[in-house]
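Two complexes are shown next, each including chain A; its partner changes from chain B in the first to chain C in the second.
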Partner chain A sequence: MTAVATDTLLAVNGLKTYFYTDDGVVKSVDGVTFHLNKGETLAVVGESGSGKSVTSLSIMRLIASPPGKIAEGEVLFTGKDGKTKDITKLSEAEMRRIRGNDISMIFQEPMTSLNPVYTVGDQIAEAIMLHQGKNRKEAMDMAAGMLELVGIPAPKKRVHEYPHQMSGGMRQRVMIAMALSCNPALLIADEPTTALDVTIQAQILDLMRKLQEEIGMSILFITHNLGVVAEMADRVVVMYGGRVVEEGDVMEIFKAPKHPYTIGLLNSIPRVDHGKAAGDKERLEAIPGNVPSPLNLPPGCAFAPRCKYAIDDCNKAVPALEDTGNGHTSRCIRWREL
Partner chain B sequence: MLPFLLRRLVNSIPTVIGATILIFFIIQLAPGDFLTSQLLNPNISKEQIDNLRRNFGLDQPLIVQYFYWVKNLLQGDLGLSFAYQQPVLNVVAPRVLNSLYLVLFSTLVFYVIAIPLGVYGAVRQYSIGDKITSTLMYFLLGFPSFFLALIVIYFILQIRFATGWDIPVGGMTSQNYDDLSTLGKFLDVLKHVAIPAVVLAIGDVAGTTRVLRGQMLENLNADYIRTARAKGVSEFKVVYKHTFRNAIIPFIAGIGGLLPALISGAGFTEVVFSYPGITPMLLDALNSQDLYVIAGFSLVGILLLIIGNAVSDILLSVVDPRIRYA
Partner chain C sequence: MTAAPTPNKDSALPPMGETLLDVRNLRKYFPIRGGLLSRVVANVQAVNDVSFAVKRGEVVGLVGESGSGKTTVGRSILRLIEPSGGEVVFNGTDITKVSKGQMRDYRRQMQIIFQDPFASLNPRMTVSDIIGEALQIHGLHPGRERVDRIAELLRKVGLNPESMRRYPHEFSGGQRQRIGIARALAVNPSFIVADEPVSALDVSIQAQVVNLIQDLQEELGLTVLFIAHDLAVVEYICDRVIVMYLGRIMEIAPSRELYVNPKHPYTEALLSAAPIPDPSIKRKRIILEGDIPSPINPPSGCVFRTRCRYAIPECANVVPELREVKPGHFKACIRDDIL
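Now for the complex of A and B:
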């Protein structure tokens, strides 16, 4: 077991999650290593298919098996009881005590993430009864309190409403209330604002920041939206093709990215400060090509086929994750030249 | 809810009127009437038949007969059975009761088999057990239940010859039925009902099992199931509290058909097991054109269907909060 620094909440070491399909082994997560400190917000960024959601589901041990399986690696987590455990080795019963209690998760689709036949109060209270041994009445009162905390008006009345009576933003607030109802040490947010419209997105992000201060939990924020990253994260992990390609402080990554993929991501979002006069139209840069099929990753750097800096050496072996200074790492053999 | 039910009641009046017209005139499409077959009977003279025809009202134009029937219906009278010379209700009721025992028991067995199999097939999708039940279900799906009944009877008779056990394969009571105590009578009927009921249930179980399995699979992959698991809910509760509750919603909509099914008997299974249910009587009535037995029975079935549909709509709004009637 790798030694864990005292302020480290979560340490993912060499995690490999594979899916064994009829077409072959899909290496969705292939040796991912990162850590998350207490009270910190870590953003995991990447395109669809980069393995970021599978990473988060692996931490929750919610990978459907078969076909999925955590093939290798360890996920060290320090629970509320202060003990550090390797999540990949826990029994299903031990894991159930962690889910919703020590680690909670909110998802991308607030419209479908709540059970349509139970009231939102019932669904929040279920977690409270499960992990805190409260009776139904106490749990319902606490559920109403949670709804108030996440800014839902008339919580005593709305606790008895069904999900279909609420808007998408309200439902995501309910999901947050449910996730935070047992004061988790870690909240995994898997693209929580992607399905919401922009004004609601900002409200939800504000709410998450406010609650993080109040409860003091860490957040693992999974997103492909770099604007959200800049707003929320302390540190950033960039994933591509199932591997971490760059990791560092959020300011460092935005100011001086050390991987061509990160550079491509940053160039593909519109920026106000790109000093162009009005009417002078600058086309946004897109990264050419597509994400490689996880069934058939290139032998070397997974990004090489789309990379304008690629040289022959890039295709020979998977580059190592190198330290570029200030705790900033990059999986690019030419990071010094970028 | 109450305004909804009242509107429902008013809306069903034209349905019932339409149903009486269809029932009455479709029966009349068959040539002749109850007395036609008697024309060949040398013991009955032409005059007697004409007398009977006048007595039964069969000499009147159809439209007049129809209105007589409707007038009697409105007074709660389903008419007279020609063959039994008794009110239809008195003739049909004991047979319907017999069928009810069989159908109730069979319905119970049906759900006891269908629900666990459907849930199992979804939770252990593509396991050996799932594959075996799926294959068996497809096999049963193509099997008419009366034919299944014949096969079962054949095997039971083989067992009887081999072992001498008294396993009943027909009828509803033993010969010494009248001498038995109340409990003994109950057990005797149960013994006779068990085999046809199980055969009936197994013959029908395939369709529901397949649909339930599909419904369960669809809901097991839903986002809110992932949410439930992420909360730390146990797998048993994930399956029965979160998934099953959603998967049965379409079945609740079908519950309306259960009510008329309870009185309609077990069809050919009753004939094959020579069970004194309603089906053999209805077949006789159809053959002999015992007009009001058929018409009265069909009408009661339709009334029960209308009531059953209203009941299932109410149940649906209880099970699925997204459905509300105003």
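Now for the complex of A and C:
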């Protein structure tokens, strides 16, 4: 087991998660390495098929097997008991003690991640009774307290309501209440605001920031939205084709990106605050081509077929993740010239 | 720019810059039935008293969150759902009054691009059948000419003409949306409703499709109603933007003006909520409290007042009229002492 710095909460080292399908081996996550410090928010950014969600599910050990499998690598996590364990090696029983207690997760779709036949109070209380050994009455009181913490009005009444009686934004608040009910050290948020309207997204992001200040948990924030990244993250990991292509401090990533994919992504997002003149029609800088199929990745750099800086060497071997200074890394052989 | 050829000779289109579409007091209520006799017990007031005009060659954005009624407006204009009231005047004719048969002729001029490129293409039809279906229904480009037309359309949207023999599942999301655009353009329409055409796509692909729609609009002189929830996308592509909330129009303005100088509190909040991809900008954000109210029982007076930070008692009394506050800039808010 690799040694871990004291302020590191989570260290993912060379993680490979493969899916063995009839059409071949899908290398969804192919050698991913990053770490997350205590109290920090790390954003993992990528488009569909980049492997960002499979990475987060691997950390929670929620990969359906078969067809999926963590083929290689380690996920070192320091729990509330202060002990560092390799999550990939734990038994299912040990894992159950970690899930919901040390590490919690909130998902994109608050509609489908709540059980429709139980009240929201029952669902929050379940984890509290399981991990903290409270009786039902105490757990329900704590559930109401959690609802109040996440800003749900009349929590004592709403604790007895069912998910369908709530709006999408309310349900995501319930999910957050449930995830934080046992004071986890790590919250994994997988596209938590993608299904929500922009004004509700603002509410939820605001709430997550406030709760992080109060509770002090670390957040692993999985998203495709760079606007949300700019707002939430301390550091950023950019994924493409199952690999990390760039990692760095949030300011560095946005101000001085060192990978052509990150540059392309930043140029292709429309923004409400850019300074075009009235009547001017501006064009977005699109990245040509399509996101590659994980079944059929190019032999060298996965981004090379769409990259305007690509040269012959890019197709020969997968580039290494190189240090560009200040803890910033890039998987591009031409990063110095960008 | 050359004018698009008119598909229908007896109804020549107005010149560029003149009104092509005039929506007047459009209303769509969906009845809720209940009880033993399934009588109408309430109505979902999806669209309420919506009026706006679109000039020929113009790209107008229709923006709002879920439940704002933007999609219902788009579909009512094409009569894919029947409006409950109001008029939709297209090229001088109120098409809510024409027969189903006549409506088919109008649909040759009015087409739609859908949001979900996975659900909107029949998986059992080849690309050639999907695009050719409309040509067949309208008896356009018969025989050998049809294949040429389909090939031309595919080239126009950036796909290889050889892909016409393939099935939708063989294409990525962005490519499917291109097929959906080719299908809409097949009958040479003058007006297109684009209903969230890029919302389901990855960011890097979204930009490609936005650029394609922009190029085609300019090349073909199309008039477009671009429906979206993403304000930033709309700003790139639209000349003017209409902001909706809970079935009503809140504000209409030229696009840049709306973003720099919003006059309605809802637009202000919406712009403030949009995350900006720049970590060095720390804005003081306006967080709207609560959720959008139910359209079954919308608030009296201004529908936005329950979440508005500027609301005063008077806001509950009357439905604010859409007033011109600057040339071309309209807002439905009684307060002039704000923003």
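Side notes on the structure shown:
Heads up, the rule we're going with is that the second predicted complex is superposed on the first by the 333 of 338 C-alpha atoms of A that agree within 3 Å, B and C clash if a C-alpha of one lies under 4 Å from a C-alpha of the other, contacts with A are read in each partner's own complex, and residues count from 1 in each chain.
Just so we're on the same page, contacts are C-beta pairs under 8 Å (C-beta built on N, C-alpha and C of every residue); 3 or more make two chains touch, one makes a residue touch a chain.
Small disclaimer: the values here were computed from a predicted structure and weren't measured.
With chain A as the common reference, chain B sits beside chain C without any clash. Contacts of A:105 after superposition on the shared chain: chain B is touched, whereas chain C is not. Of the two partner chains placed around the shared chain by superposition, chain B is the only one that A:162 touches, whereas chain C remains out of contact. Look at A:117: by the touch rule set out above, it reaches chain B but stays clear of chain C. When the shared chain is aligned, chain C comes close enough to touch A:226, but chain B does not. Looking at the superposition, the partner that touches the larger set of chain A residues, chain B or chain C, turns out to be C. By the touch criterion stated above, A:62 is placed in contact with chain B alone, chain C being left untouched. Between chain B and chain C, the smallest C-alpha to C-alpha distance in the superposed model amounts to 8 Å. Per the touch definition, chain A reaches chain C in the complex via residues 47-48, 167, 169-170, 197-203, 205-206, 224-231, 233, 250-251, 254-255, 264-266, 268-273, 276-288, 290-291, 306. For chain B in complex with chain A, the residues that touch the partner chain are 222-224, 226-235, 242, 245-246, 249, 319-322. For chain A in complex with chain B, the touching residues are 60, 62, 92, 96-101, 104-105, 107, 109, 112-117, 119, 123, 126-127, 130-131, 162, 164, 175, 178.
On the side of chain C, the complex with chain A involves touching residues 65-66, 172-175, 202-208, 210-211, 214, 229-233, 235-237, 254, 256-257, 259, 269-281, 285, 287-288, 291-292.
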